[in-house]
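Take a look at this one; I'll ask things after.
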Amino acid sequence: MEMAAGHHPIVMEKSPYGIPPGKLAMWCFVISDAVTFSAVLFAYGYLRVGSPDWIAPFQFFPTIVNGLVMTFVLLTSGLTMLAAVEAAKQGRTAAGTRWLWATCALGALFAVLHLLEWRRMLEEGWRLFQNPTGGSVHFGAAFFSVTGLHLLHVIGGVIALAIIAIGFARGKYNRIDVEITGIYWHFVDLVWMFVFPLVYLMNAK
Amino acid sequence: MKMKLFVPTLVVLLVSAALATLAVAPPAGGTISGKVTYTGTPPKMKPIDMSKEPTCAKEHAASPVMTENVVTGPGNSVEWAVVYVSAGDQGSAPGTQTLKFDQKGCQYIPHVLAMQVNQPFEIINNDPFLHNIHPLPKINPEWNKSQPPGTPPQVEKYDKPEFIPVKCNVHPWMHGYFVVLNTSHYSLTGSDGSFKIAGLPPGKYTLTAWQEQFGTQTQEVTVGAGETKSIGFVFKALPY
Amino acid sequence: MGKLFGVVLTVITLVSTAIFIFHGNLLWLPVDISAHGHGVDHQLMETMYGSGVLFVASQLLLGLFVWQAAGRKEGWKYKTFPGGAKPMVISAIALVGIEILTLSFVGSRVWAGVYLSPPDPKSLQIDVQAGQFAFYFRYAGADGQFGGLHPDKIDEGSGNFFGLNPRDDVAARDDVVVASLVIPVNRPILLTMHSKDVIHSFYVRELRIHQDIVPGLMIPLHFTATQTGRFEIVCTQLCGLGHYQMKAYLDVKTQDDFDQWLKQQEAAQ
Amino acid sequence: MSEAQAHAEVHHHSPPTSFIGKYVFSVDHKVIGLQYYGLGLLAVIIGMVLSWLMRLHLGWSTLAIPGLEKLSAAGAPGNVMTPEYYLSLMTMHGTIMVFFVLTNVPFAGFGNYFLPIQVGAADMSFPHMNMMSFWVTFTAFLVLMAAFFVPGGPPLSGWTAYAPLSAVGVEAGPGQGTGQTLWAISIAIFCVAQLLGALNFISTTLDLRTKGMSLARLPFSAWAWFITSVIGLLAFAVLLPACILLFLDRVAGTSFFIPSGLVISDKMQAHTGGSPLLWQHLFWFFGHPEVYIAILPAVGIVSHILPVFMRKPLLGPRVLVGCMVAIGFLSYMVWGHHMFVSGMNPFSAILFSVPTLVITIPATIATLLWIGSVYGSRMRFTTAALFCLGFISVFISGGISGFFLAQPSIDTYLHATYFVVAHFHFVMGVAAIFAMFAGTYFWMPKMTGRMMNETLGKVHFWLTFVGVYCIFMPMHYLGLAGNVRRYAAFTDDFLSPLIPVHQFITIAALITGAAQFIFLFNLIWSRLRGPKAPDNPWQATSLEWSTTSPPPFDNFGGRQLVVNHQPYEYGVEGPDGDYIMQTAPEAAKAR
């Protein structure tokens, strides 16, 4: 490694867990982002408990089924991400790139499925401030804000994956960058594992 | 440059001339007078407890101020009702003189301020403490201003006709009305419920009586030159 | 410079403390007129003594050490505090630890006495409506029944501050609505407090009582006044531009005066 | 070689040449630190002027303040301040001071400048992210300032922005329209900036320490910045969504914080079923840690500076760091003590009061460690040292009142009175500000290469030290008398007799405030005319003193630093005096 002035190596104190800054920062981001999600989910729970007129609006079909499909897609993308990281670790750039693109595609598919569902709900008359079933208006607010926040993370991740995939193929990014993206992607995956039961299953008729 | 000035000047001259003629045209205009009354039991006027504002409480200790949403008098008369020409108006002079809306002893004086569109009016704080004046119009622009004691009167006007409830955010019991009309032919009923609209050119008019609680009533009236028509408005009142 | 610091700090400490000790009536808690208040006052004084000693001691020690540190000659070899950090940790844990344990133990009992004890079933029930920027109080009237609340019916111009609906609701017709809280002395009072717009707070210094009034909640508060007199109820939760003018009076009357007053009011309704 | 690759990104940039690159969009942590400091300076001046206006109004509520009408025609008709404008100024004062001064200067400002140097790094781990976090903060500041110029003026619901007052919109008051919306946006943006900053601080502290700089050898200041960034990472992560939800309530018609059936200004609100307490929970979950985000860096800075002028190490360094960690940890369990009278379950009040009181233990330990360390020293009474001592004093004064407010039974009486105002101004405001002054007088030679004027500094200290006591001590008595805070004027029968006390406080505030211009002048004048500063003017030991003043672009000119010593080896026979630099060779250990 080289310094700006005088190209002789600078020896660093070993990082406590041997985690390079990039990864460490990502872990920290993941932690704080987890707190953000918990806060939103807390608000959702708080209002749900406080709303006597709460009505679980979701039919098994199409909503829950759709949700299951989305879950399946996202989990699969988690596996492809693992594969990508493995490949990158073993220096198989081509394979790694392919797996990255696969993950990226699955993520995009998830986003599309989600947006389609949003559209259906909007057509049914769901809004942030409106509940066509006559139940608590908080359902719309909670649903769109929680899933919206997650969806933003997915879309951001898809974009990141694309950039990383391109860069990795060109050798602009190294395996660490792939691992970092992996951490983020698995986190998005994990959050969904909370969102799905709390927002979908708990609101199934 | 000169031309620029010339055109508006001309317009102003013409308009004012026209208005002047309209205003002075009927030498002996007709007059409509009468009384606004009610049938049934009106809501009771309740004494207002102003203990929150000791100065006012002291001021009205002898005779407490009563709620003014429905103020009735002997002979079922209704005070604070506005009677005005709502149709058939043959032109009105613009309201020019500045009206006064006074905040004194935690009361709006007058309770109802009738005015013409674009007629300036002063809001005055005559109390030794702060008042906040907050009219709640639907079509005119809404504003909400505080008047610390001893601050200069605040001059306002409205450019669209509307019945505007007025409240003081600081003294919840203080409520009044701005009645903004696009005619100069209007009259506010006094404590005896009587009204008088003079100087009407001969013709057919639609008269409307408005009261904040009872709503509005209309009547068709035809007046000839120099004639005096007497009509009455009767509102149906409920205790609650 | 250091000596000066020691002196100034000592002066500041002593003056501040002196004002706490030789306070006038003006700069101190007002008379306590509630049945539970002595607990609060006692708790407050306990804390005052405990923390007062800590305050004076620590400030003066600091001043003293700084004074000493100023007087020393060049080439002074520094001394470590006897025992190093241990005495600090121990004294902190011992002194403060014990103090806060007792405080929180005793304090919790006082708190429980006020807020966790059930209201007396024979309490006089009064309904409180807070709004920008005034309190209104409601007595059940002759029928002993409170009328229902309908926010959409609220019309301050006609004196309907609670949103009663006397047209359809008979119970509401004789409800007594007033702008000051009048209560009989030595009788348990149960307030049911609600707000029509934003968060307000019900604070009577002499009652040692303080409770936010949160819109959307019906907040109960019970107390007993032990002295007659006129006291101020003020809002302490920022509620808007008229916050500082939001107040009402608490009138504690003898039972007879109270009954008489209530009769007059019922007549006026 | 994972670390190698990871670190490559850190060091490959070379000194910028363009003016923009050097001073505006600079990736150099030192420039960014100064930018934060400058922003804080601007903010603190605005905040102080606001407090002057407020104090004047509190002392003489019908006083006409010349020119005020120009600032806001509706807010001050005839130059007399209206209550809504008073509340707006109060809200802005609180927001500016808490977020853009107390959070920015001791943490982001000094932290950015000195954390990398103190750990022996050439820069933060993510210089570009670092630059971004400053400019995001700056944007937040601009958005907040914009509130002064929108119709209705700044929000009036206080820096705590309690819903529903903050959520229902313009019906609730003039400032509650655009102004409050801008407030929510500004704070949300600010949270993002803080999160970016925290990531940088954490990874820098853990990963960029030079050879021999074990965690045990980190200076207190570095520890404090590290712990603070961990607290911030979790605290701001909660405020961010809270502000977003508030924003949705205001513009998207949701009802997270707005219950049903509200009638405001005779208008029935459309919102239904929300909970005002939800906002308070989210806000204070951030709000209490925020107090420590403001004060821990101050604690670190003072603990870092004191030994230098006492010429002896602090007592129990590990204990002190332990205290900071404990305070940070406990700060997440006590938010409910802001809500004792809020209508939440009275049982929870007891649960929240116990950990609150427990926090006083580590705080007391820290204080006693400082006092005990002063014992037996021969102090050099520089301005920096005086401000450190002043910090200890006000920290005690402010901490003591915490005993009262931590107990629900007493808090029911003192809640929302001037007692609370005195408490948090002493322990959070003044204490942190004193640490900033100490830091400035101590580090300015390093940052600018010029010494500051000590005489002016001492005048500034004495006026400020006595001044703050004249301002805030009386507030305790007012609080005991039940003087409610956030009142624009004192019209109540029991409050009007207290007005003379307020007038005294106002005068004290004006004088103390004026004294700050001595500091400002000293700062600017010394920057331009001050004597050149040597590399190590205070004979201090930590790494920032083993480089030039000001340091070169990469801090150490590419030298390999090897740390062999604890950060505070004073009062020993060292190679060049009674101290041993951290970077001195192993052999230098005399005893």
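Going in written order, the chains are labelled A, B, C and D, and every chain counts its residues from 1.
One rule holds for everything that comes next: contacts are C-beta pairs under 8 Å (C-beta built on N, C-alpha and C of every residue); 3 or more make two chains touch, one makes a residue touch a chain.
Note that the structure is a prediction, hence the values are computed from the model and not measured.
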| item | value |
| --- | --- |
| Farthest chain relative to chain A (centres taken as mean CA coordinates) | B |
| Distance-to-centre winner among chains (Cα means, whole assembly as reference) | D |
| Maximum inter-chain contact count - chain pair | C-D |
| Cα-centroid distance, chain B relative to chain D, in whole angstrom | 55 |
| Distance from chain D to chain A - Cα centre to Cα centre, in angstrom | 34 |
| Distance from chain D to chain C - Cα centre to Cα centre, in angstrom | 30 |
| Distance from the mean Cα position of chain C to that of chain A, given in whole angstrom | 48 |
| Sites on chain D at which at least two other chains make contact | 82-84, 173-174, 265-266, 274-275, 489, 491, 493 |
| Multi-partner residues of chain A (each touching 2 or more other chains) | none |
| Of all residues in chain C, the ones touching two or more other chains | 131-132, 155-156, 240-242, 245, 247 |
| Touch relationships between chains, expressed as pairs | A-D, B-C, B-D, C-D |
| Residue numbers on chain A that touch chain D, as the complex places them | 1-6, 8-13, 15-16, 18-25, 28-29, 31-33, 35-36, 39-40, 42-43, 46-47, 50-51, 53, 127-129, 136-138, 140-141, 145, 149, 174, 176 |
| Contacting residues of chain C [partner chain D, same complex] | 1-2, 5, 8-9, 12, 16, 19-20, 23, 26-30, 39-40, 43-44, 47, 50-51, 54-55, 58-59, 61-62, 65-66, 68-70, 72-73, 76-81, 84-85, 87-89, 91-93, 95-97, 99-100, 103-104, 107-108, 110-112, 114-116, 131-132, 151-152, 154-156, 163, 196-199, 201, 203, 205, 208-217, 219, 232, 234-245, 247 |
| Of chain D, residues touching chain C in the complex | 82-84, 87, 156-158, 162, 164-165, 168, 172-174, 259-266, 268, 274-277, 310-312, 315-316, 319, 341-343, 346-347, 349-350, 353-354, 357-358, 360-361, 364-365, 367-369, 371-379, 381, 386, 389, 392-393, 396-397, 400-401, 403-404, 406-410, 412-413, 415-417, 458, 462, 465-466, 469, 473, 476-478, 480-482, 484-494, 497-498, 501, 570-571 |
| Contact footprint of chain B on chain D as seen in their complex | 62, 74, 77-78, 80-84, 170, 173-174, 265-267, 489, 491, 493 |
| Contacting residues of chain B [partner chain C, same complex] | 43-44, 46-53, 67-70, 129-130, 132, 146, 165, 167, 169-173, 175, 212-213, 238-240 |
